[in-house]
Amino acid sequence: MASFFSDHKNHPANVICELCRLFYDNNWVTGTGGGISIRDVDGENPDIVYIAPSGIQKERLHPKEMFVAELPDKILRSPNEDNEKEPLSLDLAANFKYKPLACTPLFLSIYNLRDAGACIHTHSQNAVLATMIWEDKLVFEMNNQEQIKALPKLEMNVATGKIEKVGSLHNHETMVIPIVDNTPLEEDLTETLEATLKKYPGATAVLVRRHGIHVWGENIWKAKIYNEAIDYLLELAIKMHQNGIPLIKD
Amino acid sequence: MASFFSDHKNHPANVICELCRLFYDNNWVTGTGGGISIRDVDGENPDIVYIAPSGIQKERLHPKEMFVAELPDKILRSPNEDNEKEPLSLDLAANFKYKPLACTPLFLSIYNLRDAGACIHTHSQNAVLATMIWEDKLVFEMNNQEQIKALPKLEMNVATGKIEKVGSLHNHETMVIPIVDNTPLEEDLTETLEATLKKYPGATAVLVRRHGIHVWGENIWKAKIYNEAIDYLLELAIKMHQNGIPLIKD
Amino acid sequence: MASFFSDHKNHPANVICELCRLFYDNNWVTGTGGGISIRDVDGENPDIVYIAPSGIQKERLHPKEMFVAELPDKILRSPNEDNEKEPLSLDLAANFKYKPLACTPLFLSIYNLRDAGACIHTHSQNAVLATMIWEDKLVFEMNNQEQIKALPKLEMNVATGKIEKVGSLHNHETMVIPIVDNTPLEEDLTETLEATLKKYPGATAVLVRRHGIHVWGENIWKAKIYNEAIDYLLELAIKMHQNGIPLIKD
Amino acid sequence: MASFFSDHKNHPANVICELCRLFYDNNWVTGTGGGISIRDVDGENPDIVYIAPSGIQKERLHPKEMFVAELPDKILRSPNEDNEKEPLSLDLAANFKYKPLACTPLFLSIYNLRDAGACIHTHSQNAVLATMIWEDKLVFEMNNQEQIKALPKLEMNVATGKIEKVGSLHNHETMVIPIVDNTPLEEDLTETLEATLKKYPGATAVLVRRHGIHVWGENIWKAKIYNEAIDYLLELAIKMHQNGIPLIKD
């Protein structure tokens, strides 16, 4: 079994740590909420997936704290196996047991149904507030914004049955993000999420009401761009709402 | 007497400095307001408590500027004993005398009544503004938010008479944070705080009107998570109020 | 052909990277939106222009990812020529092709019509929101603010036919920034931009509705100051609007 | 003549650079607005004053770019004397001439009338917006906030005719900051400022309408605390106003 770690700054385990620090500064993963998973799409085995642990200070994550799984759902490596506690992110009680992110089943669904290369989950206040301002809506919609161009145009390829990226959205097109209701347990969202992924083939994100957002992409850098662009648009939408400006312009 | 200092990044005196810099960037301890105290729960003597000094630039704190006490209330070490002024956080006048945080009696009450491992006090504007928006309330209440899951479920163990953590709150449960009125002198809050700690066994924080918030936890990393999650929820609550969204959803 | 790179921190390719990181932190270039171009005004050939690539994480840019052009519009160097992918900003797929910023034609127009030394384009939410709050206006106008003094006073020199900086605006003078409508393709803005540059000789910036802002100056440091001052004023204007304070005071 | 520079991080020229970077991140000195001056109160000659230059990127300042004066008003050293341009903050045109901050006469008045140890001037939007929200007021007043305790209680000593710090304000006391109208030239504010300093002996700051704020203290660390605490209170006051909460509570 090859090593799951590397000194290279672009290795998935290292990128998760770098981006968790960035997301922490953006107020997206405070209180250990949210997380990141990366599929090793350029590696020897593109079914290998790295997943951040649950309940750990996101800005202090260490690469050796990652879980490693193989798609569809086999855990290959747990940080609990590591005897070397010292370099990790904090002083852990002797009986501490790492757990993967509670949203791991959702990440695995997204990998399997969408052939994604990375999944991002945040508790961004822009996402949470938007789902409450537009509480009676099942989708968040917005058009005529330049930033929409950062998002992918996704279409079902009827020949392969797979959803493929066929370009980028135009600025005058409408970005559509479905909104699903929250559940008491994060894993109970899986069924709803899977139905939503099928119902909205054009979506690269799902909002979870009073909870946050899931965003995915063909690799981590694209997923990061989509997440940033959507959060920018959600923030702008809330300001537009407060200034009486409609989100849709014909 | 063992040394109260160490090069290890997770030593209490070093963690106080690291977190004070972080809290400064969050606008929680500007103008030297607020502070942190850590109990050495994993050390040889778990009754040893580190306390930041009063009136010093929080983002420039040096570990040797800490006071060290032994519970219930004995000061073991003062930074005034240190002859080596050079490495400290700023040029101090020759007659400068360090004082421990004015809220030290409150921290000691929390350690003694709640068996806490760390206490955080901030002047967060979210906390202060919330106590004024809901000026006629004696408790701040909010439910149906995913971020509530980051908070502990605390219950009185009738056998031991101690308050114990029995899990985490569910997202649909109601977070309750008591609000007490401010007093001219910070130490005069002690009696009110102690009565509140007894009246609200489920609380892991107390808001002080027109002043800030006190948050505690079983260790500094948990206290940090609780403080971040509560501040996130207070910020969200203010935005909800401004958008006409009630904090409680049945 | 001389090298287009240098270790000097003030070399154009390095300054673009430094400022893109700064602009990223300001939320001006999230989701890879916006960009910077610098003309080597102090170099051997002042017609050499450095242009950031399109669609790359702005906070992770590497100097070798820059395009280099010679005015009026000849591309001298593309990062695709570089065989050394390793030190660049991210793991690039083998078939990845760099493209210069989509707004490159706009930058070249500004260099040619205004003899500028640097061009900045951001997706600042202050800019975008202002164009929607004042949706029926063709210019954004504001006066009686000290920060206006940071902006240049520009006048047409009838002898040379060139626009020249004759000093700074006074705080009681009115800053005028034209607003143009967005187009589906960024290059289609060129004609509108050129007409606007001619119609408003006193402008050092143009707002693009529901898109962002273009700012230029005699060198990158001046362009940076103008961009910061304008963004500050747009942010202030939005707050004034929300508090019912008019932007123009007689 | 002794050197005006040192490697010590707490040397006035170095502290100005450190704090200008911090203030830049706080959005207080964007677009090169605002600045800092420090009097060498602990040095051999406490009448030596360091003053930042005008129009330079505040976050990139170099200690050798400082002007040095001797009170009451003699310039001892100009950065233009320095032949070594390389290590400075940016590529300067060969004919560039440094100028001290335009508010230097105001700083000198404060040093002479108040025996201050440091002066801070910012273009904080909280300060500017407050002077417009309360446009008909000649003073900004606020009470019953814990953060008020960070501010000094100043009184005229009738024996010496000097204003002295006699302690700190209580949280229930009223902080009073006079507001003066802006003038086209910054130096024309001097007369108004001097009259205001005499009329309000208890003030440690003056707001300039549609411009910013001047704050001073017995040394730079105290001036920094006062400036942070006042900005915090101005920010809070604006939020209170937006939520219909009066600034004065009896």
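By written order: A, B, C and D. Residues from 1 in each chain.
The rule we apply is simple: a contact is a pair of C-beta atoms (placed from the backbone, for glycine too) under 8 Å apart; a residue touches a chain by one contact, two chains touch by 3 or more.
The chain list, named the UniProt way, goes like this: A, B, C, D = Methylthioribulose-1-phosphate dehydratase.
Remember, predicted model here, so these are calculated numbers, not experimental data.
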item	value
Contact-graph separation of subunit B and subunit C, given in steps at minimum	2
Copy pair subunit A, subunit B: interface residue numbering same or different (half cut)	different
Farthest-lying chain, centroid of Cα atoms versus that of subunit A	D
Whole-Å gap between the CA centroids of subunit A and subunit D	45
Centre distance in Å when subunit A and subunit C are each reduced to the mean of their C-alpha atoms	32
Contacts with two or more other chains, residues of subunit A listed in rising order	242
Contact graph of the chains (line, ring, star, complete, other)	ring
Every chain pair meeting the contact rule	A-B, A-C, B-D, C-D
Interface residues, subunit B side, partner subunit A - complex	10, 42, 144-147, 150, 170-172, 221, 224-226, 228-229, 231-232, 235-236, 239-240, 242-243, 245, 249
Of subunit A, residues touching subunit B in the complex	27, 30-33, 55, 57, 90-91, 93, 123, 125, 128-129, 132-133, 135, 182, 184, 208, 210-212, 241-242
